[in-house]
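Below are structures written as structure tokens.
The same chain A turns up in both complexes below, where it pairs with chain B and then with chain C.
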Partner chain A sequence: MSIDTTKDPVLQAIGLEHTYDNGFQALKGIDLTIYRGDYIGLIGQNGSGKTTMIKHFNGLLRPTKGKILINGVDEATMTIGKISKQVGFVFQNPDHQIFCPSVSEELAFGPKNCGMSPGEIKDSVEDALESFKITEYANHPPAILGFGLRRKVSLAAVFSCRPTVFIMDEPTVGLDHRSARELLDIVGELNSNGCTIILITHDMRVICENTKRGIVLRSGKLILDGTTREVMSNIEMLEQTQIRPPQVIELSKELSPPDVREFPLTTDEFIKKFIKAKKAM
Partner chain B sequence: MSGSTENVTQNPSENIIEIRNLTYSYPAYKEGEVPPIIFDDLNLSVKKGEFVSIMGPTGAGKTTLCLALNGIIPHVCGGKFLGDIIINGMNTKEHTISEIAKVLGIVFQDPESQLFCMTIADEVAFGMENQGVPVDLMHTKVQRVLEEVGMTGRDDTNPFHLSGGQKQRIAIASILSMEPSILILDEPTSGLDPIGKKEVFSVVDRLKRERDMTILMIEQESERIAEFSDRVILLNNGHIVADGTPREVFANEEALRECGISTPQVSEIALRYNDEYGTDYRFITMDEALAVLKK
Partner chain C sequence: MSFDFYVKADSWLHRLDPRVKLVLALVLMVAAMIVRDFWLNLFLLVGMILMLASAKIPKNRFVWVLKLTVPVTIMIIILWPFFYHSGYVFFHIGPLPITFGGLMDGVAMAFRIISLCFACCSLLFATDQSKIVRACVKMGMPYKYGLTLAIALRYLPVFFGIITMVTEAQNARGLDIPKKNIMKKIKSYMPILTAMLIAGLRNSDNMSNALETRAFGASVENRTYYSDITMKTRDYIAMAIILIGMAAFIYFFVVLGVEVPLQFY
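Up next, the complex of A and B:
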């Protein structure tokens, strides 16, 4: 299986380079096409260029060389307001973006500024409350909710603008296992409904259990791009960037003939392949 | 001592930490409000030299437990505090936080919340300055602990210019310099990238091997917990749900489900393997799993 390239490209980076004012070159020529409905796990150590790349996707930075196309349109011709309607970004720390007196006002803030009509705002707020299962907190002040709920509010507040591409930076950090699972289930549902997702995380189990495509950056270059299975099975290449895949992948490699290049991504898949199949023999 | 409860061990003097019948709730936010009970008759003892990991969901009481061990609860936070906590023979109710700090040091989740000096050397020396350690001894000790955390040769660097893993190692060094017999680490790697996590865990590993310290680590990284811990405690709603070796706890399906926590994938595999073959394997390392699966 490989990446489905038959769908519409929603985001394209063409020869993307970025050199900061201090002379540091953070991106050294990225060519990447993101398709509608992709669920991407973006992987790389701190300093690999992940954040710099993402800031080009939402217009916070402009390329020093190369270009970005959003739905086929050159980003250079678009204002940041127009870009942000299409590309939503959720910060790692929910408190960096929460400021309204109630959850529903928080969720309405983006749509208002995107110029939606009052009817559209009402619909998209309701839709976002429902999607993130926070309808019962609509009238609560978001600042005093628990961390897990504040995280959901911060995601819902970006989702309510109905972006084409939804980028999340470490959405599960600080959540316990159960809350993280619940949040990832919601994100998975959004993706099934057609939303393009880019998930930035250092947690390889989260990548394996949720995403469809993996992208690995190292020192400003794209070093791996493929299905999550292809990328996470490439143990040698991941090692070079000091990333260790989950235990099931390392175990599978040990248990498989040397020519096998694709491994189970989850405990369930592992059990099926190495325990149930073996027992059935 | 009344001494008839189950949790009192045969030789209590070995216990460097003893929590006896602890019941605690924070003070009320508003007048008339009844604050939730965090601990309800909690008993726990830790032997000198043990490496104990504490796991549990958000709200289980993990951080409250840390604050109670060093006396911030009840001395600073107040609230309703019943029962006793004995740290190295000191009842926390009867000793000041600074007395307790001499034997028990805490490293917090966010290293930036405990770093504030302009240079690494000043940062690491700060605790000793407050303990009145002579200057020349202080210099020697600063170098020794920096060596221990792998951060030598950068004495004049501003700690805020370091990476997350480096900041956390400086936070650990600044606590080690005071030579506590008990070290508490409250989710020391939760905000770090994989390289930072690796750096901090290798320091923790070294402390375990080379120092005769009692270590209590709150963590979620189950694979690392399996590697380091003598003992794992699962906490949920202020209650101890499981307490045993990593091998025992990571095979305790009921307790794991109750707490909703993540376990090493090899432990999950062991349980599923047992379901198929009626065996009783409890893997905590990849080598153990491979030895069985390769058969």
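Up next, the complex of A and C:
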């Protein structure tokens, strides 16, 4: 199985390069098409250019060479306000965006900027509160909520703009296992409702258990792009970027004949493939 | 531009004791304030630039200071001739004569402002910030305030980094900062400022906990320091030169009130 390229492209990077003011070239020519409904795990060491690339998708950075198309339209012609209606980007630290006296006002800020009507704003705020299961906190001041809830608020506050692409930078960092699981379930649900998701994370298990497509960056170049299974099974290539896939994959590789190229991604899959299969024999 | 003032280098200015540099900066500032004459101000300014250049301060720092002061200096040069008149009259704007003397005095004023900045920089560019704080504490500032100052300096770059990130986070939610309308511009900064403030408070709370867990406030009689500073012979000599220079300067220009003969207006 490989990536389904029959769907509409929502984001396209064409020969994307970026050189920072200090002369450092962080992206060295990236060609990438992201399709509607993709659930992408973006992987790469610190400094490989993940954040730089993502910032091009929502107009915070502009290409120094090449271009970005959003739903087929060249991004260079759009203001950041217009882009943020289509591409939502949640930053790592929730405290960098929380400023309103109540959660619902926080969620309404984006939609207001996007020029929604009062009715639409109300609907999308309620929708976001519900999606992220924070309706009961609607009137709480977000700044004094616990970290996990602040994280949810920061996601909901971007989601309330109803973006078609939803990008998250390390959304599970600092969360305990249960909160992380809960958050990923919510994100998974958004994806099954048609939202395109890009997830940056260093947690390979999160990638394996949630995403459908994997993209690996190394020093500003795209070195792997395929289904999560294809990417995660390419142990040799991952090793070159100091990434170690979850142990189930390494174990499966040891247990499989040498010509097998795709391995189970999760413990459940592993059990199904190796243990149940054996029992059945 | 990163917001760390300090330029790491090895030069005569870098090697001086921070207390000497503190005094030097003060003396230079006082001198720049006392003098009010086109040629003398120019002399002081060029002198400071040469001094900093000899201390291996790179060109881009000078450009940075000049850029910073440009708006103020231009305003002064334009406005000054309206309020100060002497010598040759160029023309009148309404009842106000615009004079050569006024213009020259304005330019001198501008030199003064730039000199003040460079005087501060002679300290900031060539001294590690923690050393400045050590100097202040050595000269009698209570350690508590010294630490406060150190933390403030330490957090300047962090603070500017956070401003960038907060601005980006709010931009990503569709916040466009309008370029034209000032009132709207101020209003659109509110989400950024408020988020900064909240993040800052949270930071300071963490910081105070971190300080206390490392025994800040424990009443130790004579605390010691990891990197201490000591005055060497060359520091005493430099200090003497600075003080004598200062005294001579004050004697000539304040006590005797010497007029500079070079004046041509």
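The rule we apply is simple: the second predicted complex is superposed on the first by the 281 of 281 C-alpha atoms of A that agree within 3 Å, B and C clash if a C-alpha of one lies under 4 Å from a C-alpha of the other, contacts with A are read in each partner's own complex, and residues count from 1 in each chain.
Assume a contact is a pair of C-beta atoms (placed from the backbone, for glycine too) under 8 Å apart; a residue touches a chain by one contact, two chains touch by 3 or more.
The model shown is predicted, which means the values in this text are computed figures rather than measured ones.
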| Partner chain(s) touched by A:235 [first = chain B, second = chain C, both, neither] | neither
Quiz item: Once the shared chain is lined up, is A:190 touching chain B (first), chain C (second), both, or neither of them?
Solution: neither
State whether A:270 touches chain B only (first), chain C only (second), both chains, or neither. first
Who does A:254 touch here: chain B (first), chain C (second), both, or neither?
first
| So, A:69: does it touch chain B (first), chain C (second), both, or neither? | neither
Name the contact category of A:78: first (chain B only), second (chain C only), both, or neither. neither
Intersected contact list for chain A, partners chain B and chain C none
Per the touch rule, the chain B residues reaching chain A in their complex are 56-59, 163-164, 190-191, 193-196, 198, 220, 223, 260-262, 264-266, 268-269, 272-273, 276-277, 286, 289-290, 293-294
Seen from chain A, its contact residues with chain B in the complex are 45-46, 146-148, 173-179, 181, 202, 205, 242-244, 246-248, 250-251, 254-255, 267, 270-271, 274-276, 279
Note: in the complex, chain A contacts chain C through residues 55, 58, 60, 79-81, 84-85, 88-91, 93, 95-99, 109-110, 113-114, 143, 157-158, 161
In their shared complex, chain A is touched by residues of chain C numbered 162, 165-166, 168-176, 190-192, 194-195, 198-199, 202
